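Note that chain A is present in both complexes that follow, paired respectively with chain B and with chain C.
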Partner chain A sequence: MSTLLGSFIGTKKNILLLLILAVLLALFFIPAFLSKYSVYLLTVVLFTSLLATSLNISLGYGGMLPLHQTVFFGVGAYAAALLLNKSPLLPLLSFLAAPLVSAGVALIIGAICVRLRGLYFGMMTLAIGQLVWAIVYRWYEFTGGDDGIHGIAVPDVLHSISAAYYISLIVVSACLLIIYIILNSPFGIALQAVRDNPQRCESIGINIHRHQLIAFVLSGFFSGVAGVLFVILERSVSPSLLFWSESAELLIMVLLGGMFTFMGPAFGATVIIVLEVFLGVITEYWLLVLGTVLVLIILFLPQGVIGFVQEKISAGTAVERKGADRFASG
Partner chain B sequence: MLQVKKLVKSFDGFLAVNGAELTVGKGQIVAVIGPNGAGKTTLFNLITGHLVPSQGTIEFKERDITGLSPHKICHMGISRSFQLINIFPKLTVFENVQVSILSRKRKILNMFSPTKKMMVEETYRILGKVGLADKAHSLSTSLSYGDQKILEMAIALGNEPELLLLDEPTAGMSPEETASTIKLIKELASSEGLTILFTEHDLDVVFGIAEKIMVMQQGRTIAQGLPADIKSDKLVQAAYLGEEC
Partner chain C sequence: MDFSVLLSQIPDFSTLTGQFFVGMSRAMILFVVAAGLTVVMGVLRIVNFTHGTFYMLGAFISFSVAQWFGGSSGFWMALLIAPLIVAALSFVLEGALMRRIYSQPRLMQLLLTYALVLVFNDLIKIVWGVEYKSLSNPIPGSISLGGVALPTYNLILLAAGPLTALGLWFFLSRTMMGKLCRATVTDREMVDALGINSKRVFTSVFILGCYLAGVGGALIAPTTNIVIGMGMGIIINAILVVVVGGLGNVWGALLVSFIFGIGESFGVLFAPRFSLVFPFLIAATLLMIRPSGLMKSVW
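On to the complex of A and B.
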């Protein structure tokens, strides 16, 4: 019985792996059959998925409320742009250094904010984030001010949309894998424990502020990676990347997909971007649809779409789970 | 092992603890009793660093731990359970204890090993000892009230403490659950060589397992000594036991 059960769980895991592999293969070959614009859109979906997942490290898994995550995305993009245009660094090094700048900014903002809880944390991140936006918006000599930076010196080999797409596919897949590993490591489990019960965590010897700060910095780093991918695709940046309304949209993506699930934020990002593009063509009031979707989710699917699906699946396997318990004890 | 001297905690002028004295020797089982609001839980929070004392000192193994943060105190060897259930609701029973062991082994900053395969034996050892091994993979909140209280204790054991503080370990339990919990505490004290400090309302429980008793009233320590001495102490009888014995 136990071997039968074991092999069943084994196959279920295998099915998931096969599914991921199939999606990756499809994403690898699909550009050949799509228009340039669709490939462009897919690239946006890819790095936005990474951005939403990075937000979820601190939101869903860390129990923090970062109301202004796109600051790290914008800082990553600006850092890449400035390093490429103004520094003697090799392009590859610029791409690698930019997310570190985001992580550095996250370290500073995080150090100020992690001692605050809930909405206070959120308002502080929002306020400091808007401060960063104001600096970028006004500092003409350095950041180009409200004009942004155009004609960023991205290497020629990356100029085609399909090159940007494949780079994004590889980097986003690798980053999602790394984030998945981190969230399932002792660090990730402890982070969820801190989210659920900070007081108890302190009494089992976890330094909760340090733990949340590390998670916040990681989240800033991966948002910065998404910013670099944005620069590769667009070769221009503008201060609007760091404006708070971008962060609001990102929060909606995470809520839609489900903030207590790993794939939820990526799913939410995909749906919102697709909705935005297709409804945007039909009506200029597409935000009205977005608002309605949000209200419906909060009322009927508070756990998000992927959260709902996962709940259904685990309810279906509850019997099997009981069997597994017996197996474990026996 | 633990020395509490002239401890005072004031909340905006209200003295929740006002001159508490406590000495706990290695391997002892010590009870802190007193009427509601006597300051027992506040005393615990002061010892574990959840509150910072206004005055007085706390020494653990001859080191001053007054005002240290809870996580540091925990790593020095003091662990606790809480009066109200205080577990990790979204984690399984297994993970609840596992995270505590990972913390003791200072592995919680490890980002690249799958947690599933870590500390499995040790976690099962603790779960086996408290009798929760067969429920290891259930969600912690699906346990019965009594079992959640036991899990509460198991999490504290995961830290492998030298001094274990139990805040009302049997509160709200049925008589059967209470009896088995008392047995468990006694077993743990002898098999693990634990020093245990606990508060309890149920005086049968107190006199059943405590080797030493400290009595608090209005934040003050009014007596401290062997159970037999406490029973015959006039001050204690007047303040507390009088109505119940």
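On to the complex of A and C.
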């Protein structure tokens, strides 16, 4: 485990290990000093970070272009809601089953999409994702249609915001660790190789479609976990969770944070949510500010957000950067 | 299921005809918007989410122009002027922003055009407020088509699609500028080497595309509530029409718009609540069968 943790932050970066532990400790004790609303926001930050990181499994590490990731988040949330409300399953089993439903949906979508390249991959995910949205939006008998589902039967012990927070903290930390381990396993390395040079990978016997499909399913699974955390916190779901613009905003978070770094997407998610809250207090037009800032970043950082973030926060190794260049130019 | 039950669900012929024309009217607006997008995506090679915003702007500006002129002539002036205003705006936007991202990675283009969607959504909110707007129908009344009443205004929508297709075909194959567009798609460097300013070609194409988005917005204005979300609603359908039809292929876009229209108008008879689902179902199915589009893509 210690070697694992060592590679988690790089053996030379013991300071980083301390930092992560310090952040975890701080996150553990901080609710005592914060208002209810702040704890609520921290919970949102936590599961959105997981969602952004899960998108990055297929986007940054898998080199795919999933334009509609929040479908898996929404499906996870709806699955949890429906299982809790309509099935005799124990709540715990419902929570465990919901991400599996997301993974199943990801398996179907992924199987259709992985053979497509670049933009066509993105378009297919967009088409099927919107298809799922449209079904959820109109299937009143089953999903509640555009009303969504309210008053989801989340167990009473999880009703307090601090309970939702601690559940999210534990689950998100565990999931991030698992994702990190996966991405640094032989499978993860091969996946990045597939991203960087699919032809060579194929010629040395790596099944590129299978690697990408597994990455896509994993990414769907962890998005589903984030969806379950959303249900625990909000106890209601609505079809807007699955609308494509949610995915676009998620992509902004990932790109802002940097998609070739492990913690980048989580960082981007945190920044955007904090921005939303603080700007939202000042002006109702906070998206105008966000949009303008994004435009300026793209215009005045010609190498793109990714390059900038890599230079500034720099967690990318030479290999990762090479991959970034290839992907960005391809 | 008993087959005769299924048969009994099939409505009589006149209902089918009526549904067909209603669905087709909507499809033709989608085509006008998608035609603009396919030219932009084909020549400039960017995925432009802002296109839906220009469509929405076309509708909002039409509302204001029609109000300003007032009366029954208001809408016709709006149809004339609003797309031009949208085109002028797109000229500024292309010069200031768009041309800087043509060579950027695709994700950056998506990000920039989506950022502009957010910006314009809020700008429209500031200028026009959050309440929905509506325009009165310029040609009230309806005509009888094979025993089915069809709003007379829909005839204009039905004509707009083929007219746009013909106009674009004429532009692309018969005019100097159109030929330059196609040449730029094939080999931009050679066009530059021949002493032609390909940047100007790009600008023209972008303006043309946004003009068509504005036309689409102006055309839909009298038939629906003009709301902030309408750009986000249409852009995915338009992008799918473009991709399924073959990127940059106007005829492909027309064909897919037809298919969407037919699918929606007949699908609505069997599963009325799921009419929203059909375009995506059709797009996903067609993409599965022909991943790079039904007709030849210029990419």
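The rule we apply is simple: the second predicted complex is superposed on the first by the 284 of 330 C-alpha atoms of A that agree within 3 Å, B and C clash if a C-alpha of one lies under 4 Å from a C-alpha of the other, contacts with A are read in each partner's own complex, and residues count from 1 in each chain.
The working rule: contacts are C-beta pairs under 8 Å (C-beta built on N, C-alpha and C of every residue); 3 or more make two chains touch, one makes a residue touch a chain.
Quantities reported herein were computed from a predicted structural model and do not represent experimental measurements.
Peer 1: Is A:I135 in contact with chain B, with chain C, with both, or with neither (first, second, both, neither)?
Peer 2: second
Peer 1: Using the superposition on chain A described above, determine whether A:A81 touches chain B (first), chain C (second), both, or neither.
Peer 2: In the superposition, A:A81 touches no partner, neither chain B nor chain C.
Peer 1: Quick check on the superposed pair: does A:L299 touch chain B, chain C, both, or neither? Answer first, second, both or neither.
Peer 2: A:L299 contacts chain C only, not chain B.
Peer 1: Given the touch rule stated above, what does A:N197 touch, chain B (first), chain C (second), both, or neither?
Peer 2: It touches chain B, and chain C stays clear.
Peer 1: With the two structures laid over each other on chain A, which partner does A:P186 touch: chain B (first), chain C (second), both, or neither?
Peer 2: A:P186: touches chain B, not chain C.
Peer 1: On the superposed three-chain arrangement, identify whether chain B or chain C touches more chain A residues.
Peer 2: Ranking chain B and chain C by residues of chain A touched puts C first.
Peer 1: Identify the residues of chain A that lie in both the chain B contact region and the chain C contact region.
Peer 2: Of chain A, residues 328-329 contact chain B in one complex and chain C in the other.
Peer 1: Can you tell me which positions in chain A touch chain C when the two form their complex?
Peer 2: Residue list for chain A touching chain C: 65, 67, 112, 115-116, 118-120, 123-124, 126-128, 130-131, 134-135, 137-140, 243-245, 248, 251-252, 255, 285, 287-288, 290-292, 294-295, 298-299, 304-305, 327-330.
Peer 1: Across the complex, what residues on chain B touch chain A?
Peer 2: Chain B reaches chain A through residues 48-50, 69-71, 74-75, 79-80, 82, 86-91, 95, 98-100, 102-104, 107-116, 118, 133-138, 155-156, 158-159.
Peer 1: Give every residue of chain C touching chain A within the complex, in rising order.
Peer 2: Counting only chain C, the residues touching chain A are 47, 49, 97, 100-101, 104-108, 110-112, 114-119, 121-123, 125-126, 232, 236, 239-240, 243, 273-274, 276-277, 280-281, 283-284, 287-288, 291-292, 299.
Peer 1: In their complex, what parts of chain A are in touch with chain B?
Peer 2: Against chain B, the touching part of chain A is residues 181-182, 184-190, 192-193, 196-197, 199-208, 211, 214, 260, 321, 324-326, 328-329.
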